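Just below sit the structures, each encoded as structure tokens.
Next, two complexes with chain A in common: one pairs it with chain B, the other with chain C.
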Partner chain A sequence: MVTLEDVLDSGMLKKPSEDEPEVLERSDSDYHPLHTFTLGKDLQYRQQFADIYFLRLTKIKPAVEEIASIAWEGTVIGGETAKRVERVLDVRQGELCWVAGTVYVDMPLKPNILEDVSKDRWISAPSTAQHYFSDDGRDAVMLEDDSGRIRLVGSVLKSHILVTGCIIAAMGTENINGEFDVIDIQIADLPPQPGRWELSKPSQNDTKKEPKPKSEDVEMSGSPSAAPSKKIAFVSGLEFSGTDTSHAMDLNLLLEFLLGDVVDPATQAELSQISRLIIAGNSIASEAKEHPAEDPAERKSAHKKYGYDSSSYNPLPSQLLDKFLSELLPSMPITLLPGAHDPANASYPQQPIHAAMFPKARAYTVLPGSTEPGWLDTVTNPWEGEVEGWRFLGTGGQNLDDMCKYVPDNNRLGLMEAMCRWRCSAPTAPDTLWAYPFQDDEPFVMKKCPHLYFVGCQPEFGTRVIQGPDGQMVRLIAVPSFAATREIILVDTETLDVSRVKIAT
Partner chain B sequence: MPATRKSSRLSSGVGSKQSTLSFNHKVTKSVPKSAKEAALDKPSPLAKEIVPEPETKDEKAVEEVPTEIELKAEKVSAKEIERYWSKIDSTRKAKAAHKKHGEGLSTGEKVLRYFDVSSHYGPCIGTSRMKRWQRAQRLGLNPPIEVLAVLLKEEASGDKNIEQAHMDELMNSTAAGA
Partner chain C sequence: MDKYKKFLAESVISEDKVVTYRLLSRTLGVHVNTAKQMLYDFHKSQNDRRPGAIHATYLVYGSKDGISRSSYGSDGDIEMASSPPDVDYLHNDTFHSFELTLIPEERLKYELGFYDEVASIHVYSIEPGPMKDMALLVDAAEEVLKMDEGEDFVKPNVIVNPKLRRKERTRPASKPVSGAPKPVKQEVKPAFSATKPAVVASKAKEAPKPIQEKASTSAASKKPPALKRGASSNSGIMQAFSKASTKVKKDASAGNSRAATPSGDDSGMHPMSDDGEDDAAVPHPKPREATGRKSKKEREEELRRMMEEDDEEEEQEKAPTPEEEPVEEAVPEPEEEEPEEVVTISNGRRRGKRRIMRKKQVMDEDGYLVTIQEPGWESFSEDEAPPPKPKPATSAPAAKGKKAAPKGQGSIMSFFSKK
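Moving on, here comes the complex of A and B:
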């Protein structure tokens, strides 16, 4: 009988090697979320939405007027000096003046509650994916403040992106039709930007890197920036579904990729630098359309309790998401933003998805009322926080998708840049984007400029760096929907460079 | 309904010759008042203890720390309020005709109504006057301190009606009637 020892030297069989396998450790994440968009418990709905517009105008108007007065000071057109007027209705015919106010775009294609009520139709959900922009000039752009409204005309309007809710200063004169003929437009531009590490402190993590023999070059200078730079992964539109399995394989591959299971050790070392995953909305697919096989009469006779047909509930999508999260969580902290299709409230700002949806991943969240963020951090949409010292602002995509309906071209990065320059992250709320009627403070106004602004669930990837007048720099990222493109985004935390990873079968 | 019905029925059904207790006249045992109140209060502190404590703490916190601006407002005298009002009134051109409408109103109420329609401080509907004033103060709009003085005075005198803007009252009343 042949024993193992005899065959060992022949070269075919080998004993397990003596050296220990490399244990790679993932970089830890410096994380400090802000609760700017968290709504309190006792919410009042008695108030009107006019307060939102008032708050927005009052907060942004001083900045706009400052920029406008610097830009237009001493402008003489046709022998007349431009004067500032206090209210929109103070403009006089033939007088060259400038005024600041809120833009309102009147579009006949916009869903209009008065029309629906007069035609006796009842709308239960906002109409989706409908373009409001009409090319034939039926859209009217108006400037509004607490005194009144005035219609804006002029060829200048075509060269600027204008949606309802943005605050601008317009210079021009009133013509005989009572319309304001605009010559120039100014906006508030980027707000002041905080420095890096404003809220949290960098963790001293170079000491952890020393025991690793195979680590990249670590200078022994002792400064935290010498460690290999960390990365943050962004993904959106995972769209776990009970019925649609076209990307189920890719989701599995994504999980294995992030865990570093299937790649070689060199790639694993790179992957261990990913310190956090941010899921930017639409983790659960929207409900499948009406089942064509079922008879409508059959469905009506289904067991109905209190008007709610419980048999139509499919727990599978959230179970799949829960499984995905619970497998990834032991290795990596996750920030989860709700999206348009996720089980969170429908109006902006969306509140965090309740931990009850994740029976397995729940173990990684913190108890409600705790001040520390959990390993799994379910956050609001939109969300603001400081990650690795950089100020992040992100949304699940509803604000950008809504704004796209107002403009003819699909210039999403241009709209994101416009949002930053208007200092408002959701200008179309509450006009066409359902929002809570804020009364005391409106959180959509950007008080501080983020370093990175990401919007999830976009049809394709896009990124740009924009600069502000005071040296602010913002990296804009349109995170593509994974279900549509199979891509995830990696952002380097030292340089804020963006790289794209495609998971393809 | 008192529980006497059942007992009387039972006793009468059994047909006992025993004299039944009649609760028709004596419902409650005559007990000295202090003991009765103590008996009533005993179970409730267990329930009340948890809930009102944070409430009373909050109220105390609000009352004990009147802000600087509130202290200043309390010092504003009635004469200063009159002076403020007459300054606004003098800028108006249609004095004579509108004096008739304002006849039943005190100067304080006139000052408050003028504050309501000043759209510069935001819409007056859906929020109380005090909250609107404080919001305007927070946003740096410098609302007149005389308005805060009137509000605090009215609050001290216990008048609840001035909390809501008059316009708000009118708008809400039509909604109820419709």
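Moving on, here comes the complex of A and C:
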């Protein structure tokens, strides 16, 4: 409880003072983006998607089998010892065995490419289904590899999250119906985690401050404890819109907050510790709702003389975003991930939003040919990088949203954890999540365990820490959509502690 | 120091405007923190004099851990229902929760009750009365953004970033290579547009001309003047007429003196030298008649040739062909047929631009692919042996001028004769 009397002697509630306000310096950002998800310029799309599954299986299967053999070695059930079989097709009826493979979940509500083809629909629109999951037991879980597939049954399945594309090992027996009765399931668990500062060096703190202690004193004066740790700000779903202005004031307050214009000098000093802003998708609102299907013929007749057709394209949202970025950039570097609504490609991995979208802010983007990351870094979605020495992995949210359609509840943090433990950041690609048909590499496989895994554009904020068998610790953050919740997330770069700032008007 | 009081009194009391601390800071050029204090001071002094004279909106920032908000009026707090479960939402870790809130003064006391701790409070804006709509603040904020956009306006940022990296946007200096062709094009175009007047002129003066032209046997030398006129004074037809005769004379004499130069012009000049006599000189009527008669055959031939050429781009190779073919052939489509070149000769290399036809596929409105031919310019450089230059120093510039001129003229003339 705070009463009015408590705050009345606050520094800002008095007559203007004559003393010169000090200028705060923003903390430096140690930033080393990785280009794991960057697609080459000369890729083609003629190949099949099957290779993704094959690559994923070959990459993750050894880890799964290792864990499974430890867990099930010498397991005796009903007088029978569990044996490992190499391929799904090698499972013999009545034999207790275990096998590793890719999960495929067949759901009647799921979009089906064969259906599209049979109906002669060659260009499919993004799926609008809210849920693929149906409660009537028609959903079937299968385990498959390059040899074949077998249907999984058993009550164990209910206690595990399973979506298409994840790699598991299952122990059980094939029953009389040719189904595999599952007794236990093992997954790969967290991949090896790199140490902090693996790719970059903590440069500035010690080296810079020691030579000139004077400046240090000045910096310290505003802050209570010595060397406050830096913070990273996360926000997603800014949804700049040309029509919906309901959160325009909140966006303004967000800008003033990040710039440090609001609040009093002591808090401003705290805010100066925010060294980077990461925007995790959906910076531009989807206008689809506002424009229900117009008559296409009518649209066609609209003549387009120069540039765009103003009846079908509204430049205002991107202009507003550009203004926002260019206001903020002089004070703070920004990493910008595309999201489902952003002007980038629709399929995973989404490639960076082109700098041409930002006539003003593009002055801060990377120089062509420069190895230094841009001050405004437009990156891929998913994106991986090292920030303040920590390995960050983040997405714009489509991967999690798509997985949520497979499961009955809305346990988003649980799904995020599952992704990490499956070692796959987009398991449902390419089945229900559009993806590039990779041939040589499957970038969605987590080779290294991130320290921080964030997923943008989520309906609610959520965070927790998960731990792995080898002492890995992963901070999971579901970054809420700003347009829906008016919330931004601050992460302490020393402890990875999370705090939430809510803006209300 | 009391400037701000005057400004605030004017804006808020007289003009009924909303003034935020940022707007005040931008307008008066003071630090935002000072602006916040100014707002407070003004608000206090006014309301001390007359309670409720002006209205203030406060901004409060502080921690709000674990206290759920109860419903209060219509403050539009959507999160009320979900905030309590948030805390233990799916084994959520505990986290600190802060809130940044804009609070009208009448609700300040009440809202403060929900804070565990207030880190910062200040006046965000003052306005004539309670605000019904936050849109007024948005307008004020946009005004600030507009001010920030000003070119030489130095933003009074509270937190500066010493590591800021920004691209220096240097406009790519127009390279001489790319710069050169343009003028040439421009020159050529006016020539075309001026064609008609020029033709009229030449026709009108046909009678006097022949004599002069005959006198100056070298046809190439004659044409340049017409071209020049067309190019330089394309606006003034009358000028062209009036000066025509005199210029021709001059040029003729110049041409004579430089008898050697035409040879240097090579392919560029050929069309000119060949046609020259026909086009401009006495026999003019005859060729016209001839073209009229021949045109059918000619056109058919043309068509056939064009069909054949469709597959390969022979146009580039066309340079020699005009020499072989009489002007009449070129007549139907002068623009296509006559490769025009702008040639500069340096160090024994011929460089320049020549006119070619390019094929272009475009999709039309109905989605069909249509192949069209478009005239375009192609630069080339050849390793030809430099033409013998008797007077290198003087001829070089002169030759250039002439070259450019002949082309234009030649094409113009042929254009006329066609019709």
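Just so we're on the same page, the second predicted complex is superposed on the first by the 432 of 505 C-alpha atoms of A that agree within 3 Å, B and C clash if a C-alpha of one lies under 4 Å from a C-alpha of the other, contacts with A are read in each partner's own complex, and residues count from 1 in each chain.
Going forward, contacts are C-beta pairs under 8 Å (C-beta built on N, C-alpha and C of every residue); 3 or more make two chains touch, one makes a residue touch a chain.
All values reported here derive from a predicted model rather than from experimental measurement.
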Check: Which partner does A:76 reach: the first (chain B), the second (chain C), both, or neither?
Finding: neither
Next item on the list: Would you sort A:147 into first (chain B), second (chain C), both or neither based on which partner it touches?
Entry: first
Check: When the two structures are overlaid on chain A, which partner does A:58 contact: first (chain B), second (chain C), both, or neither?
Finding: first
Next item on the list: Once the structures are superposed on A, label A:114 by its partner contacts, choosing first (chain B), second (chain C), both or neither.
Entry: neither
Margin query: Quick check on the superposed pair: does A:356 touch chain B, chain C, both, or neither? Answer first, second, both or neither.
Written below: neither
Next item on the list: Could you tell me if A:502 is touching chain B, chain C, both of them or neither one (first, second, both, neither)?
Entry: second
Next item on the list: Classify the contacts of A:249 with the two partner chains as first (chain B alone), second (chain C alone), both, or neither.
Entry: second
Next item on the list: Specify the partner with more touching residues on chain A, choosing between chain B and chain C.
Entry: C
Checklist line | Which of chain B and chain C A:48 touches, first, second, both or neither | finding: first
Check: Which part of chain C faces chain A closely enough to touch in the complex?
Finding: 1, 4, 21-22, 31-34, 36-38, 40-41, 59-62, 64, 77, 79, 82, 86, 89-93, 95-102, 108-109, 112-113, 115-124, 134-135, 137-138, 141, 145, 148, 155, 157-167, 169
Notebook entry, point to check: Hey, which residues of chain A end up touching chain B in the complex?
Noted result: 46-48, 50-51, 54-55, 58-59, 146-147, 439-440
Checklist line | Residue ranges of chain A touching chain C (in the complex, touch as defined) | finding: 1-4, 6-7, 10, 12-17, 21, 23-26, 28-29, 245, 248-249, 252-253, 256-257, 259-268, 270-272, 323, 327, 330-333, 362-365, 367, 372, 374-375, 411-414, 460-465, 485, 497-505
Item checked: Residue ranges of chain B in contact with chain A within the complex -> 119-120, 122-123, 125-127, 131, 135, 138-139, 141
